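The structure follows.
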Amino acid sequence: MSFFEYGVQQLINALSIGSLYALMAIGLAMVFGILRLINFAHGDLMMVASYTALFLLIDGFPFLGAAIVAVVVAAIAGLAMERVAYRPIRGAPDVAMLLTSFAVTIVLENVAVLTVGARSRAFPAPPFLSTVFTLGNLTVSSVNVVAIVTTAILLVLLTFFVRRTDTGISMRAAAEDLVAAQLMGININRVIAYAFAIGSGLAGVAGLLWAAKVGKVDPFMGFSPVLKAFIAAVIGGFGTIPGAVVGGYVLGFLEIFLQGILPGQSSAYRDAFVFGILILVLLIRPNGILGVQEREEI
Amino acid sequence: TAPAPSSTGGGEAASAPAETIKIGGAFNLTGELSSLDVPAANGAKLALAEINAAGGVDGKQVELIIRDGKTDPATVANITTQLIDSDKVVAMIGFTDSDSALAAGPLCQEAGIPFITAGATSPKLPSQVGDMMFLTPFGDNVQAAVGAEFAYDRFGPKAYLLWDKGTEYTTLLADYFKTRFTELGGEIVLEDTYQSGDKDFSAQIAKAKSLGEQPDFYYISAVPDDIGTTVKQFREAGITGPIVGGDGYDTPLLVEVAGDAANNVFFTTHALMDADNGSEAVKSFIEAYRTEYGHDPENAFAALGYDTMKLIVDAIQRAGSTDGAAIAKAIEETQGFPGVAGELNYSASEHVPRKGVTMIEVKDGKFTLAAEMVPEKVPAP
Amino acid sequence: MDDSLSRPVSVAQPTTWQRYAGVATPLLLLLLVTLYIQGASSAYIQRVWIILGLDIILVASLNLFNGFTGVFSLGHVGFMAIGAYVSAILTLPLEKKAINLPDLPAWLAHIQLGFFPAILIGGLAATLVALAIGRPVLRLSGHYVAVATLAFLVIVRVILINATPYTRGSRTFSGTPAYTTVWWVYGWALVTIYVAWRVLRSPYGRAMLAQREDRAAARSVGVRVLRSRMWAFGISAFLTGVAGALWGHYILSFSPNAFYFAETFSIITMLVVGGMGSISGSVIGAILVVLLSEVLRNLEGGFSLGVVQIPPLYGMSQILMAILFIGILIFRREGLLGGREIDLTKLFVVDYWRSVFRRKEV
Amino acid sequence: MSSCFAYVRPTQWLRLDDARSFADSDSRQTDQSERTDAARLDNGQILLQVRNLSKSFRGLLALQGYDLTLRAGEILGIIGPNGAGKTTLFHLLTGFLTPTTGTIHFRGEDVTSAPPPVIAEMGLTRTFQNIRLFDSLSVLDNVMVAQQLHTSYAFWETIIGWPTFLRKERSVRQEALDLLALMGLADQARRRADELPYGGQRRLEIARALATRPAVLLLDEPAAGMNPHESDQLHQLILDLRREFALTIVLVEHDMRLVMNLCERLQVLNYGEIIAEGLPEDIRRHPRVVESYLGAAH
Amino acid sequence: MLRLENVEVFYGNIRALKGVSFSVREGELVTLIGSNGAGKSTTLNTIVGLLHPRQGAILYEDEPIHRLSPFQMIQRGISLCPEGRRIFGNLTVDDNLRMGAIQRRDPEGVRQDREWVYALFPVLAERLHQLGGTLSGGEQQMLAIGRSLMSRPRLLLMDEPSLGLAPVLVQTIFQTLQQLKAQGTTILLVEQNAHQALEIADRGYILETGRIILGDAAATLRTNKLVVQSYLGG
């Protein structure tokens, strides 16, 4: 394998994992933008979606059907979460909302343990997510291609939605100032519901891709991705969708790149470097890569 | 059938007639380690039911008081104290990781109560805790040595080594493997690590593939939850060589997740846990587990939990007493105890059982026996 | 003219001793309970009580940073780890050192310190690290500090895992001498509470609070934002490091896994439930969470309600606790104490009793 | 007469024996003699010297070629249309922004790029266009934060509550209380700052600024949101404060009645540039000022 | 058109409005005057549904509206220009104006209205693509006013629109209000600048500590002793 091929291979790897981080980060950022809530339970929606798909697949559903149902279930779960836990504390201090989201995570994960059990289950990915293409020395698993392409398509759709549709523009306005948005005649409950539904749906998609990539699901599968997505969203500039996307890819790239170049046992220091670099990024751009300085801060 | 449980101040009591022999079962039933400890606890409960159905010990029923350590060091210590102090157990079993075993062990040691860990495989445990500490599984040094010797003979002297640096089990296994393998004259051509929780191994794989010449085999030291994923992703990237590992591979997930890709995978473990090809004891264990819990044993810890429970009761019976020292002595005198996960032998100086190591090969999606081995040389713990 | 100047004096100011008495009473109460538990309870209760004391130190010192400065650190458990490992390495008996940590550099391999100096060095080590990372990181605002400190926590973990000669890497560190007693714990808990209380009522504390409320306004009246955050971070890291050391000498065996997200979340939970910014809130939060989770844990193993048999449901206690926290936060958004303090000072002011008395007469 | 107390300031000792609560003052007309008093101080030392100050925000010149010579005892008014750069000028003078070009000398020292706390310590303080108090702190603590600026404490003495610390703390507290009494806020000392009525908050903000013992005080639209009656009270307050504290005041305000009656000298900014400078009477008739700012009615 | 009947509003346990009753007739310009903290903003926020009364009723064209949400008010033609401007800081000036018309379905009308707002406040036209958050205080105030006009309200509520504005602009604003009134918009104006407010208003109410203490024709109020003394200054 030539040096060039090696680079290309790692680039594809980075894009693939970055896409998943980005998908997750978008949902976090949308909700954060409007409510200033860091929704750690966002990761559990991945779990909800992939278990739903798993059970449907076991019952013999075709994959696409199961996937669509799973994404819808994730969206509904997100809506329910908002209605039950987050709406009553809307406007509370940031830390109170953060803790609430921890609590929701704990509830969801433990309920999952009690109902489906703590053990991992194999996730039967369909052939189009588990074939492998070979290009010379390069091998690309179709799930990676699907992840990259799906993310790209969803990003385009989402950008269109946020820029062009009334609901999308309302969402941006609500993210700026909830009260003013209401005064413009925006039904913020509806907008917030949209944000949760879309974000949760994206988490559902990410969950399915994740499950296909990893090959299994378990009640705690969302924890690590949501942490990564949170970090990605902040690094990108918290609360903005483009920021979340950029942050996701930056994080994915850093992880793969450092794992790729650190020799031998020193690769165990990868996360130290990744997170060290992230701190550096923040020191250079204190509001994230795409963040803008708010004037009030002075 | 097990008698109806009754209240015992909080602990789960699986049986409790008038006079019982109480054994503490300390497991991390929730939290990160639950995927290892729940099967172990289930195995122990299964054994308990069989023991009581067979009349218990000298007519007395055995009670297993299970408490949840929640994968939290402080809680682990709390429940140990509770089991010893409030529940007055005569012996304790449980925990599949050294962190918890080492948090609980010294408390048992101080109270003079024997403690058998159902899954922690660090061979140093008894020397770290004292004479009340026993292991049911073999030490990692033993299985790593077997893995190294087997692979060196069968595949050749060039190895690739990947391990999870975040857990003790995978670290020890990799260390012992490296020691024994280089001692044999083998060479680790590329060594790489991943972080606990990583589920994407593409970067490591690309690095392995960029080696000019591929190694003779790939030794991957991973926990049960990761192993299916690793094998799947290695194979998908076009790496076809033999993959070798330890008893973390002994889980149905390996074949379920990796499918055909799991062929040409070899691993060391306690016994061939196969419903079709295994021994009679294994077959009936799997059958009983399925009946009780509705699915196959999740991993080797189920069998280890089962054996641990059986072992401690056997020792109590042989000791004819519930005195801690007597029970410990009985365990030390155990010879040829027929566990599901291999025969157990202890002595006063060996609290880590002398056990044969089973080498499994995955063929056509099935676990098959590749070898039964005792290592020529074991790295010092 | 005269009365405009005398007015401030007439704001009924409790005398110094009254104020001290008001603060000391709840602490005295805590001491009495501790004494009682030492004398008359099972080893298990004593154990829970010690864990509670450790959590009080952890939460109160986290509050000293998060609550007073309003910037959120998710990385404090990193300081706990530093304290625990440093102190454990320093106190490990020489024979054990030779076995457990054979690759220790010579200067460390041949020293064995007493408990108190080891605790102090553990705390100071945490402080040093805090000051080093604080200088760049504490310039950031809001969530960015949270992420940067989270990154710090990850880095600490990576270093602990890789510094094998010192920490045994991911392998369990054991053999730590069992020095921690209830008196050490509650002694340090008192020190922590006292320090937090003094800081809060000092120019340092005022500056912290001022920049928490409005950074720009604080700067305009001469508050050096970074400096006041650094003070809070340093003191808080020291106390957290101390708590880590005490924790290590109590739990005795630990690995880097003990100092990660689970512990972080648990401390933050106590902090937020009690009410950020309130010292008594920290104590209340710790008491509530520790005691309640023990009670619930003991119930989830199954119990009988007369004829009804509740089967064991492991994980139920976590679910119930989580739901309870959501409930608390819905009804008290700022946590139980909402930034206020339990102040018993008025109990020691004669006028208060007089007014109580009078009200009753009317 | 209760205890007399003193403010230590670099230039003089000022006895406030005859201090009274200004808030109670109901005199509404400018006291002519006071104005002449202040005019004499005009020949005083130069406190603030600004040369060729400019600030641009990504190409937008918010301030350009601004010059100022401020003498001790003056009340300078700065007026100009919205967006003329007045607040930007305050940000520059107090160190919240660094100028693109130009220099600022305060008391002969170059403070062009000094940070706000340093400038505050040297004796230049400001209030904000939107009231910015430490909301959840008590009124007293709001002032004490500023009051402690000129006292130095060793950490160890505060922690153990050493008598030296207690003595310093008592005197800081007393000075803060005296200042509050002066502003008519004494009986509010223990309330939370955000519980004060609007007028009280304005006064508290000024009290807080005064507690840093400034030589120059910059007031940014202090009369905004006040009705004419209240703004007359403010007028009197400013005059009284100047006399008692030997202050030099720069006032940005859109309330023309206040500006014209109070200020001895006016600068008019438009698009970041000084378009007129001089006595209020002249400015009132200045054609460009009338056209761009005052409108026909004045 | 709008009638408040004995409205009581609480912040937690604090009673901010203690039984406020008044009415605004179609086509009128009514001003609400009161010192700081009297409850003026609270009154307006309650009318648009940001706050809900604990007691009393608000009737709009004889329909009770005090349980509706703010977004339903825009549908009924009520628009508030809020205290503190509440500009969308990260949206451009132009987008801020668009937001004001987000419920409208006539793009051409919206475009014309934008041109009209730019003509009213030429400064805004110069800052078309600047982010709202970087505008000066006064510029933001203009933008907020323009934005509240974009929904073509039938009842316009203004909370201290002249706050922080240059005198020349204050005049512009009062002229605009008169113009709007002439076009048939009903206006409820809250002002500190009582002089000018009473000059253009038909009627006025005086609000003190949560109660209406006086209500009369504007001309009468201007000569009322109490009003002159407390609100008009010397």
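Observations
In order of appearance the chains are A, B, C, D and E, and numbering begins at 1 in each one.
The definition used in the following text is that contacts are C-beta pairs under 8 Å (C-beta built on N, C-alpha and C of every residue); 3 or more make two chains touch, one makes a residue touch a chain.
Not measured: the values here are computed from a predicted model.
Taken together, subunit A and subunit D share the touching chains C, E. Counting hops only between chains that touch, subunit A reaches subunit B in a minimum of 1.
Looking at A-C alongside D-E, one finds more C-beta pairs in contact between the chains of A-C.
Subunit C and subunit E have Cα centroids separated by 49 Å. Here the CA centre of subunit C is 42 Å from the CA centre of subunit D. Chain centres here are Cα averages; for subunit B and subunit C they lie 37 Å apart. Separating the CA-averaged centres of subunit B and subunit E is a span of 73 Å. Residues of subunit D found to touch two or more other chains are 96.
With touch defined as above, residues shared between interfaces to two or more other chains in subunit C number as follows: 158, 161-162, 216, 314-315, 318. Each of the following residues of subunit E touches two or more other chains: 134.
Residue ranges of subunit E in contact with subunit A, taken from their complex: 48-50, 69-71, 73-75, 79-80, 82, 86-91, 95, 98-100, 102-103, 131, 133-134, 147-148, 151. Subunit D meets subunit C in the complex at residues 1-3, 18-21, 94-96, 115-117, 120-121, 125-126, 128, 132-137, 141-142, 144-146, 148-149, 151, 153, 155, 158-161, 165, 169, 172, 174, 177-178, 180-182, 186-187, 189-190, 208-209, 211-212. Across the complex, subunit A meets subunit C through its residues 38, 85, 88-89, 92-96, 98-100, 102-104, 106-107, 110-111, 113-114, 227, 230-231, 234-235, 238, 265, 268-272, 275-276, 278-279, 282-283, 286-288, 297-298. Contacts from subunit C toward subunit D in the complex involve residues 1-2, 4-9, 11, 195, 198-199, 202-204, 206-207, 209-210, 213-214, 216-224, 231, 339.
Those residues of subunit C whose C-beta lies close enough to touch subunit A in the complex are 66, 72, 136-137, 139-141, 143-144, 146-148, 150-152, 154-155, 157-159, 161-162, 215-216, 261, 265, 268-269, 272-273, 276, 313-316, 318-319, 321-323, 325-326, 329-330, 333-335.
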